[in-house]
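Structures given as structure tokens follow.
What follows is chain A paired twice: with chain B in the first complex and chain C in the second.
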Partner chain A sequence: MAIGRKLSNYLLLSPAIVLLGIFLIIPLLFDIALSFWTPSLTGYLQIFTWQNYQSLGLPAYQQAIATTFTLSFETVVVTLIFAYPIAYTLAYKVRSPRKQTLILFALVVPFLMDYTTRTISWYPILGLNGLINALLMDLGLTSSPVNLLFNQSAVIVVWFQAYVLFMMTPIFLALSKINPSLVDAARSLGASSWTAFRKVTLPLSAPGMVVGTIYVLVSTVSDFPTVRLFGRGIQTVGLAIAQQADGLNWPFAAALAVLVIVVILGAFYVIIRYVDLQQLF
Partner chain B sequence: MEKGEFYVIMGPSGSGKTTLLKCIAGLLMPEAGKIVLDGVDITDVPPHKRNTSLIFQDYALFPHMTVGENVEFGLKLKKLDKDTIKSEVKHTLGVIGLAGFEDRMPRELSGGEKQRVAVARSLVLKPKLLLYDEPLANLDYRLQRKMEEELKSIHEEFGLTSVYITHNQEQALSLGDRLMVINKGVIEQVGNTDEIYLGPENVFTARFLGEINVLNGKVAGKEGEFVRVATEEGSFLGRGHGTFEANAQVFYCVRPEKLRVGTAPPRENSASAKVVTTIYRGTEAEVILAFNHENRVKYIAYDVTPGTFKEHEALNVHWRPEDAVVLSEVSKVKDIDIDKLIYGS
Partner chain C sequence: MKMARDSRRIFLVYTALILAFVYFPLVVIVILSFNNSANIGLPFIGFSLQWYYQPSILANGLGGFLADTGAISALQNSVTVGLIVAVMSTFITVASVLALRRRFRGRTFFFYLILSAFLVPGAIYGLGSLFLFQSLNIPYSVYSIAPVQLVYALPFGLILLLPRFDRELENVEDAARVLGANPLEVFRRITLPLIFYQVIGVFMFSFVISWGELTRSAFVATGVGTLPVYLYTRIQTLAPTPEFYAIGTVVTSVAIALVIAAGLLLSRNQRRLF
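Presenting the complex of A and B:
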């Protein structure tokens, strides 16, 4: 019987396994192989070389790698700072489940819009003749328009808007799962409300923050269109991969991709070692 | 409340027990009234400065901390030195029967062990007031009985003033020095546990604290210290508080264990009845009897062998006048359905 059940489990999983195999595992293995092949004018030659990985050491790419992870890290911090209070309010201060659903829905509304439209909409807001500059000048805070577009802050603002929900939702879920008696118990054992938050609520919501961080990290590291549209002159690994692939230097693009994957997986490993994600489910 | 007392607050669900306890702990703000501890008004003192500690029905152990970390939580906040904390935790876990459990995680513990840790976590702080919120409700029956004994001996050893809320009459009777019966936020009766059991002031208290047979009747007169009540099944004598007007509608109540059966009828309080059914409970048997006019009463018989009471067998039931109480009040709360409150809906 046990074998029968095991078999049926695999049968149930098989569509997912086949799909993941064809569209994720095989391309990934190909990517790794590709990163060790020699670039040519038409794409690649199946000749082994370390050349692609050696090129990663060039100052320009070192710079791109540093910028990529700095930008992503800053976005994670900003989304975390804003998402946590929202999630907290939603989980504890909004009592009726109806209102909770309504607010969650309101937060999702911007995502009913297409990525390009939603992103391009920042131009009339952040631009030289945009909403914010008009407001600043009307208030007399500045005499000439401030350059708000085409820098790292612009990229972070756009990413924040695009990904804050992916940070907020897992934190909200983690907070909702915490037994309210725990905070009462801490208070009754002599903890102030701040101490109770720090020692009970915060550590118990850590899995939510970790999942949110993973979402935001993965999404931002690979998001090159936003960098291209809002960070004129800023070079990131994602953008470099796109450029190298456009230039038909596929092996080098593959090596860059492998680097990103290794760094992200490394980060996951560290996070999972220290935080028990099972608490979330 | 007196210092060192084990005070039980008892009431059906929805009676306001937990609300009252949370107000004492400072987790809820009372809309009116004052909370005074050791002569000091603590109504506006935040919970962490009250020197009270609440033990929860669902244990509320911190799942991300070990047993040791849970127990030392409050001591660490008091900024005691490490050695003192360690020895206090060790001592308390020993008392509660969990010596050596310091490094276990709460999820590895059974329900009873969890509740012990919860008790230890509060006990270790030696609060002025230890508050129990139905701590045994989630445990199975045998474990409840065992924990009752343990809580009682812990109370004797530590001498901490305790408030214990429950809807379980056995726990109320076995643990409490004093007892408060509440119903829908209203105090029905306060007194020593045995006084309330033997001398309930109204039908709600009488029925909520243990089982009792109730017959409707009318006051027929006073005979010395007793009141005579005319019921459908005859006229009986019983103890009555206060004054009773002639012909007033009253309830004549006798506890099942106070009934006697026998062939030689005594002078007072006897009636003939038939056996309806018998429920064996091991050490005792509950015998349901029907009087001539079909009013049913329960009789508790001890040390019976199966077949002692046969269905439809005619018996003579009698009881002493001092074992019966005559009550005129149903409850301090108007218009209540006692059956629904006692048995749930």
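Presenting the complex of A and C:
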């Protein structure tokens, strides 16, 4: 019976294992292998080289790596600051579960919209003859249109819209798991509501903030279409990967990919040493 | 007491403001998709449906969505891929969750394996898939996009379905077992009916994930690809026209309708989503 049960578990998992083995693990192994092979006009030759990693040191790519992590970090901070109060509202200020679900779904929609549409929907707002410029000129704050598109702030605004949900949801989950009597205990021992929040609620919601941070970080690091459409001239690692892949310099694209994976896994490893993420599930 | 009510109001207003910020651009493009002007910005000149159906007059592709053959075949591809992804994701998710609901050696490993598609940045995964297809000489088609999107859809399905297997559900199953039902009967007559709405929710969610996915698909799609790929490819070569807004309006309406339907199903009998 026990053996049959164990077998049935693996049998049930086998479709997922086969799919992920072929279409997730093997592609990642290809990334690693190609990063050590030699570029050629048709893609790659299976000759070992360190050259792709040496190219990562070129000033242009150092710049791109720095820009990528700065942009992603800024997006994480902005989404965290704005998402936390929403999660708090949802967890403590909205009582009916039905309304909670409704607000959650309202936040899901922008992410599920077609990617390009979501992105271009900012053109009529931030563009030269867009809404904000019309408003600024009506108010007499500026005489000629200001270019609000194609800079880092525009990229962050678009990312905020796309990913705020993914910061909010895990924090909401963490907050709803906090036992309310802990806060009550702090209050009855004389803590002000702000102190109780700072010393009890905030630390206990850390796993949620961590999961949200990881998701936003992972998504923005590789989100090249937004950068290409909104950050004209800004180079990020994700965009560089897409461009090198288009230009058939696959081994170099692979080296960039391995670099990002190593950074993300490193960050993940450090984080899970301090915060137990399984609490969330 | 009054203060508590005030603070509640401040929090609710804040949430409403963020929602407004997130939705504002959408409202703007829906309005501008009806603009009688080739300009993608303001002002709104007059109401027109030209960006939805009018055939292209000029050679530069200025025409409506329904007259744009590229957009139409991209739409067909999107529906095909979406259905493949949704069907397969539903079956794989249900099978995986039936195993993962139990405690056994390796459970944590498999749980994180499925979730790890969240941890791999899209461009890196897309690039690896491109290498895989190239080295096996698999030609790009709508079918090559499907498994790539499927890997991305699975963690969402897992998160939606796994929490449904709570204590309450187990009690009902145990009751059926005690009354002499065999495992297959328990699944067919008890488990499946009880998780049915969540399963439909997984189906719809997976379809919508596939419907809007670009970062991964862009690496393994050629030709018109799916709608997001088509739009993204086109916007890089041609100046956008309000046709983009028209397509965006249609695509978004479909996604919103499906998400609302899924939401209604998932919140049936007052169950919490998470």
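FYI, the second predicted complex is superposed on the first by the 274 of 281 C-alpha atoms of A that agree within 3 Å, B and C clash if a C-alpha of one lies under 4 Å from a C-alpha of the other, contacts with A are read in each partner's own complex, and residues count from 1 in each chain.
Simple rule for what comes next: a residue touches a chain if its C-beta (ideal position, glycine included) is under 8 Å from a C-beta of that chain, and two chains touch if they have at least 3 such contacts.
Since this is a predicted model, take the numbers as computed values, not measurements.
Under the clash rule set out above, the superposition-derived model of chain A with chain B and chain C shows the two partners fitting side by side. Across the overlaid complexes, the C-alpha centre of chain A sees chain B and chain C at an angle of 90°, to the nearest 10. Contacts of A:189 after superposition: chain B is touched, whereas chain C is not reached.
Of the two partners chain B and chain C, it is C that touches the larger number of chain A residues. By the touch criterion defined above, A:104 reaches chain C but does not reach chain B. When the shared chain is aligned, chain B comes close enough to touch A:200, but chain C does not. In the overlay built on the shared chain, the residue A:181 is in contact with chain B alone; chain C does not reach it. With both structures placed on the common chain, the touch criterion links A:128 to chain C but leaves chain B unconnected. With chain A fitted onto itself, chain B and chain C come no nearer than 7 Å, counting C-alpha atoms only. Looking at the complex, you find that chain B touches chain A at residues 22, 25-27, 46-48, 52-54, 56, 58, 60, 62-64, 73-74, 77-78, 121-122, 125, 131. In the complex of the two chains, the chain A residues touching chain B come out as 179, 181-182, 184-193, 195, 199-200, 203-204, 276, 279.
Residues 8, 11-12, 14-15, 18-19, 21-26, 28-29, 32, 39-43, 91-92, 95-96, 98-100, 102, 104-105, 108, 110-111, 113-114, 116-125, 127-132, 134-135, 147-148, 150-151, 154, 162, 208-209, 211-215, 218-219, 227-228, 231-232, 235-236, 240, 244-245, 247-248, 251-252, 255-256, 259-260, 263, 266-267, 270-274 of chain C are the ones touching chain A in the complex. Listed in rising order, the residues of chain A touching chain C in the complex are 5-6, 8-10, 12-13, 15-17, 19-20, 22-24, 26-31, 34, 43, 82, 85-86, 88-90, 93-94, 97-98, 100-118, 120-125, 127-131, 134, 161, 164, 169, 172-173, 214-215, 218-219, 221-225, 228-229, 238, 241-242, 245, 250, 253-254, 257, 260-261, 264-265, 268, 278, 281.
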